[in-house]
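To start, the structure itself, in structure tokens.
Lettered A, B, C, D and E in written order, each chain numbered from 1.
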Amino acid sequence: ANAAEGPIKVGIATDLTGPIAYAGNADANVAKMVIKEINAAGGLLGRPLELYIEDTASNESVAVGNVRKLIQRDKVDMVLGGITSSMRNAIKDPIVARGKTLYIYPQLYEGKECTPYLFCTGPTPAQQCDEFIPWLIKNGGKKFALPSANYVWPHTLNVYARKVIESNGGEVVFEEYYPLDQVDFSSTVNRIISNKVDVVFNTVIPPGVGPFFKQLYEAGFLKSGGRLACVYYDENTLNINQAAEIEGLASCLDYFKVLTKENPFDAKIQAAYEKDFPGNFLFAAGSAATGTYRGLKLWEAAVKEAGKIDRESVAAALDHAKIAEGPGGPAEMVPGKRHCKMKMYTAVAKGGNYEIVARSNGLVDPKEC
Amino acid sequence: MPEFLDIKHLDAGYGRSQVLFDVSLGIPWRGGVAVLGRNGAGKTTLMKIIVGELPAWNGEIGFDGRDISRRATQERVRAGIGYVPQEHSVFARLSVRDNLAVGSLASKKADAVDHVLTIFPKLGQRLDQPAGTLSGGERKMLAIGRAMLGDPKLLLLDEPTEGVWIGVIEEITERLIELAKEIAVIIVEQHLDLALRVADYAYVLDRGRVALQGEAGEVRDNPELVRYLAP
Amino acid sequence: MPLLEAAGIKKVFGKLTALDGAALTVGENEFHGLIGPNGSGKSTLMKCIAGAEVPTQGKVSFVNTDITAFTPTERARAGMSLKFQITSVLPTLTLYDNILLALQAQCSLLDLVFSRTRGLLHDQVMTMLTQFRLADRAFDAAAALSHGQQQWLEIAMALAGKPKLLLLDEPTGGMSLEERRVTGELLQPIKQHCSLVIVEHDLDFIRDICDRLTVLDQGKVLASGTVSEIQANKAVQEIYLRRA
Amino acid sequence: MLKSMGAAKQAVHANVGSETDVPVAKSTSSGRKILPIVEGVVLVAALLAPLVLQDYLTVFATRVIILALFALSFDLVWGYAGIMSFGQALFFGSAGYGVALLARDLDITNILLVLPAGTIIGLTSALLLGGFLLLGRHPSSVIFVSLGTLTGSYAADRLARGWYYLGGQNGIPSIAPMSLGGYEFTEGPAFYYLVLGILVVVYLLCRFLVRSQFGLALAGLRENEQRIAFFGYKAQHLKAIIFTIGGAIAGLAGSLYAFHEGFVWPNMVGVVVSTQVVLYVLFGGSGTLIGAVIGTVIVEGVSFWLSDNYRDVWPIILGLLLLLVILFRPLGLISFVLGERERVGSFGAKPKEKRNAAP
Amino acid sequence: MANAFVATFEILSFGAIIVLIVLGLGIIASMMGIFNFAQGEFVLLGAYITYLAYARGLPIWAGMVAAPFVVGALGFVLEALIIRRFYAAPIVAMLGTYALGLIIRESVRGLIGGFYLTVPEPIGGSIDIGSVHISAWRFTIIVITLLVMAGCYLLLSRTSFGLRMRATLENPSLARASGISTPLMYGATFAFGSALAGLAGALIVPVFSLYADLGLRFLIQGFVAVMVGGVGSFIGPVAGAGVIGTLSAALPWVMAPVVADVLVFVLAIVFIKFRPQGLIAGKGV
């Protein structure tokens, strides 16, 4: 149904309101920035890009309605968005199966999404664990605890993490799940302390994670040499606790802001973003901002290669699209897998900032589908 | 000198249905006044208007020389009006003790509660019981006691003896006769005898209008009276 | 065999023994008055009979069945009907609907769903309303009635279900002498099919309509008998002289 | 509890007392009826909608109609029987999950099987929960029932999130479309008219029910449960029955919703949707069936429009609007055109007879 | 032994937090018959005010002291403008306060950008007793909760304020007819309940950090606590909160937390089913 002439329409569906609005707004900002950049360079296939942004409001039923607006009213050529897995599940069918449109999902997630025409540009468990966990064992110890929020991402991630821990000679002391809004962790902290756990590989999410780290700190976990690890921790989440309470926390992501010091391209996009959007919504990996950037640029590359904008051709090109520069480095799609190879970094919190302590040798394989 | 309570040309009602039509009455500084009438005549409505629970549509209400028709209920009460409603006349979930305490919030006399308990000894045995579980008669006693505690200058009683045992009615009557020597008392009552013993003057309402008025004795002997009280 | 027999009823509220072995026997088509000072336990006894209170001890039988363990609904279905001392009409419903609600209570579910009895009951509703001089307000909300008018409506509702036993707790509260007389007249005709227990403080009223009386004092039966027996009873005369 | 009963009673008095505030359209028993006119207007508008709406709006309208059906189920239970079901989503959502599982695991999508199945799931879960909450020796208070149902819905939400078979947090995506023989009901006008047809039928059934003598019994229940027990009504059974009917309708709506949206997720059984349906009904005006429908359409329509036009602040604006309506129209939008008397209605015999009979 | 001590302390401290949060909710529910769905947002506002003080460089305790007064004042105004219209209809009140809460919550979300923000505690660190560490701030919270509870109890039971309040809320027209100024009492009660929520928010924000859904998190738990304790008195909800709070902190020590979470609610509902009047039947203070 795409008009051959006129602008190419890019749809963004993300959480502009609701509990994770800080992430959704950052994603929308990134999209605005990238589209502006492409348009400034003359657009795509000689046509300008037009951006359509809709709110998914952390409410799946609102989201589906708004996504339909994108597809049926605005007739966008591609949709990028969704942050939580449940949101992706809610909107993927209206986009891909019923809407016959291309869908890019930008967030780090638990993997296993193998729907045709759905491309994932954020890190997968393999990318976040394969190199990170051996580092943790070396720099923390062998005894792991896996306290987790009770939903799909931690469950699936933990299956993978446990495998990596055990194959590297580590040991999982306990793996335990909590309601998403649990805020008192006294029994967990007690088990961690009394079992002399070395590494707390945390997948508890806000609002629980703040009180959890605080209780751990107050119980002397860090003082006695324990290591916190949390793979979604980025610059946004640093503020949940006081710096001392998470000193030494290790995270593994595709981008950290400190990279701007060493990586000119990162410095460039970070500066461009901060100039356009000086507010509170940070350009950070945990909120899918990097995945959004990467997704849009990979799609741009694919459209250029295809020379057409219909779904089949773009999907065929996107299947093996590459970009030489992106947040944290180059990225490329793994052919046939609809997932993305990228560089991964391990960083440690020191006095309220991150320091990069390790990095992958090249692009890490997502090992999906 | 104006009357103590001076009501002139009062119209009132609920929603759009008018219940009182051009009612005027004057209450002296001391003494009892009875308001009589059959069911639905508008007696309770009149009481509610005097105390301010229901706004008047038209007319004036003068009390103690001032127009109070725009004052809030609690201000009227603080200015000296005591009220015993016909229904819901006690704080059901509060204990008897607390009900009396509410009554004496404004009172200056220290032994006022004891005084009420000597009039209604039955209440003394029920002090800690929630007032909502009192028997019908006990509830009335409590309501009267509570209103008396506020040292009113004008006491409005809406059927104070409904459901009260004859022995106690006698007691109440005597107290009211005494009280009426000191303050003004308006009594709505179906016990004609009682009402007219307490009252020196009586008004009879019929469908919201004053149909008869006069000295207590005159009204009692008026052959019309029966007609106005029959359903 | 009496219609209603309540025996040895004891009801304890915390420290207070409101009923202490009270008994009440009512025969078929008998009008029975229940009198006594305030707080003597009359309302409590009525509630124990109708099922609004569960007696601490004692037994209630009705039409030869032991109904002590029955719920209020079951008692109503067995043919009992109660008017509470504190009026409790259904305020937002019209007078008509209040009565209809009482009348249709024992219709089957299907009758109700398909409104099979609506037409049949219409005349009865209007007759009741006319009898109780409420017909002109039939389509007003019950909340708009004065206290006395609500008493009338309550009596009408209690009568509506054609009970075998009608329990009236101070039905004439707030009524004038004349109004009481009319109430008495309205109650007379039901004697053919119904027994009545009535709590009243107005002795004249009681004397006019009741066959037998029971006098309660401090939770116990002081005396029980025909009206003239009671009037002659020394103990009863004494409590009438006694104050509160 | 006592307090809440008392308060409800006061509410009634207050309403009666404040009739002057509602000068609009106070219809007496002999006056013209407003309600049928409103119903007619809404029906005509609904029939014409797909002809004037763009495609995607027809799809949106379909969803709104399904939600209106759901709102109807809550209105029946709360507006007519006075049972505060703060967990109505439980029945809506379990039916949705039920049919999603049928479609996913057994490949059953035949409309003649899935809709009855959803209805029965709603009915059964309402029967179980209602049985626990409403039956028993003590009649249960409004607040107890509301918190009980809320907790039920909350617990179900937790269960759905935690249970892998149900897809956990992610729910069950990509449900196959509903079918009839070879025909597939995909979103669009056909689905719209199917749903509208179902709504009209259910609406008429409900209307029949609440205006029957059974409806009068429900009104009695709402006013004073204890009182009508003394008439000989099996009050708790009545409550359980209407609660179950409500559950069945919610189940029907839930199964339509699942197929229309193509996925189910934990919120659908949880507190969010439960609260939403209460809002629809109060906004439109509880105790009138059409109020529930109007409320749903307006709340959904307005939030759809707001989220389009005031992207960042629309929840705040929506909150303000809700507050204003609740403040100034506590009986809902319908009270702009409908008087108190007509809302409560009258259950007597035919109006004609009435007028003859009343002197 | 040390373990048992820590366990007891931690469980009690969470119980104290819940009590603190439920105090205001309970007072408004018991005394005014209104289940205030915006109560969580009053807690949030208390937390937000504390955060503001901190962000402006003021001492944190200054924010904590200001919070109850500011939130109380806001409560007073809201009562006069909005809540006052709801007394007659408790269910409408639920929805009205829900909308109010939505507005406050979303506005705060806009102001803080949807983030989780840390606020340090005025008394930080831990108290070390041998090998055992207990949180100094949680200990402070327990102490303050006890003081506030005692204060409220005295206010309600020993002064005529409590009596007037209970009389007003029980039967407003009769209260007016007894000379009590009911509008003032309503305003004062609601303000008092809001102020307590503000205080709770101020005290708990260092523990849980500031985020828009901070108050919402405790709302349903709070309602259930009020029901378990029994509506109609001051003590009832407090007792209920104690039970629910300690139970939900204690159960995860002995079973899977996910099960414990649902179990608390199921137990509560079953309890209320068989004891509808609650732990402490509503009479007295």
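In this section, a residue touches a chain if its C-beta (ideal position, glycine included) is under 8 Å from a C-beta of that chain, and two chains touch if they have at least 3 such contacts.
In this text the structure is predicted, and so the values were computed from the model without any measurement.
Trainee: Could you find the chain whose CA centre sits the greatest distance from that of chain C?
Mentor: Of all the other chains, the one whose centre lies farthest from chain C is A.
Trainee: Among all other chains, pick the one whose mean CA position is farthest from the mean CA position of chain B.
Mentor: Max centre-to-centre separation from chain B belongs to A.
Trainee: Rounded to a whole Å, what is the gap between the Cα centroids of chain B and chain C?
Mentor: 29
Trainee: What whole-number Å value describes the gap between the mean CA coordinates of chain D and chain E?
Mentor: A distance of 32 Å separates the two centres.
Trainee: Rounded to the nearest whole Å, what is the centre-to-centre distance of chain C and chain E, using the mean of the C-alpha atoms as each centre?
Mentor: Those two chain centres are 47 Å apart.
Trainee: Could you please state the distance in Å, as a whole number, between where the Cα atoms of chain C are centred and where those of chain D are centred?
Mentor: Each chain's C-alpha centroid was found; their separation is 40 Å.
Trainee: At least two other chains touched by the same residue of chain C: list those residues.
Mentor: 144
Trainee: Specify, in ascending order, the residues of chain D that touch 2 or more different other chains.
Mentor: 2-3, 13, 15-16, 158, 162, 312, 315
Trainee: Touching two or more other chains, which residues of chain A qualify?
Mentor: Those would be 17-18, 150, 177, 179.
Trainee: Spell out the residues on chain C that touch chain D in their complex, using ranges where they run on.
Mentor: Residue positions touching the partner: 50-52, 71-73, 76-77, 81-82, 88, 90-94, 96-97, 100-102, 104-107, 109, 111-115, 117-119, 122, 125-126, 135-136, 138-139, 141, 143-144, 157, 161.
Trainee: List the residues on chain B that touch chain C in their complex, please.
Mentor: Touching chain C from chain B are residues 14, 17, 36, 38-41, 44, 86-87, 120-122, 129, 133-138, 141, 159, 162-168, 170-171, 190, 192, 226, 229-231.
Trainee: Sort out for me which residues of chain E touch chain B in the complex.
Mentor: Residues in contact with chain B: 160, 163-164, 166-167, 170-171, 173-182, 232, 282-284.
Trainee: Can you name the residues of chain D that touch chain C in the complex?
Mentor: Contacts found on chain D: 9, 12-13, 15-16, 28-29, 209, 212-214, 216-217, 219-220, 223-224, 226-235, 241, 340-341, 344, 346-350, 353-354, 357-359.
Trainee: Which residues of chain D touch chain E in their complex?
Mentor: 1-4, 7-8, 10-11, 13-15, 78, 84, 132-133, 136, 138, 140-144, 146-148, 150-152, 154-155, 158-159, 162, 271, 275, 278-279, 282, 312-313, 315-316, 318-320, 322-323, 326-327, 330
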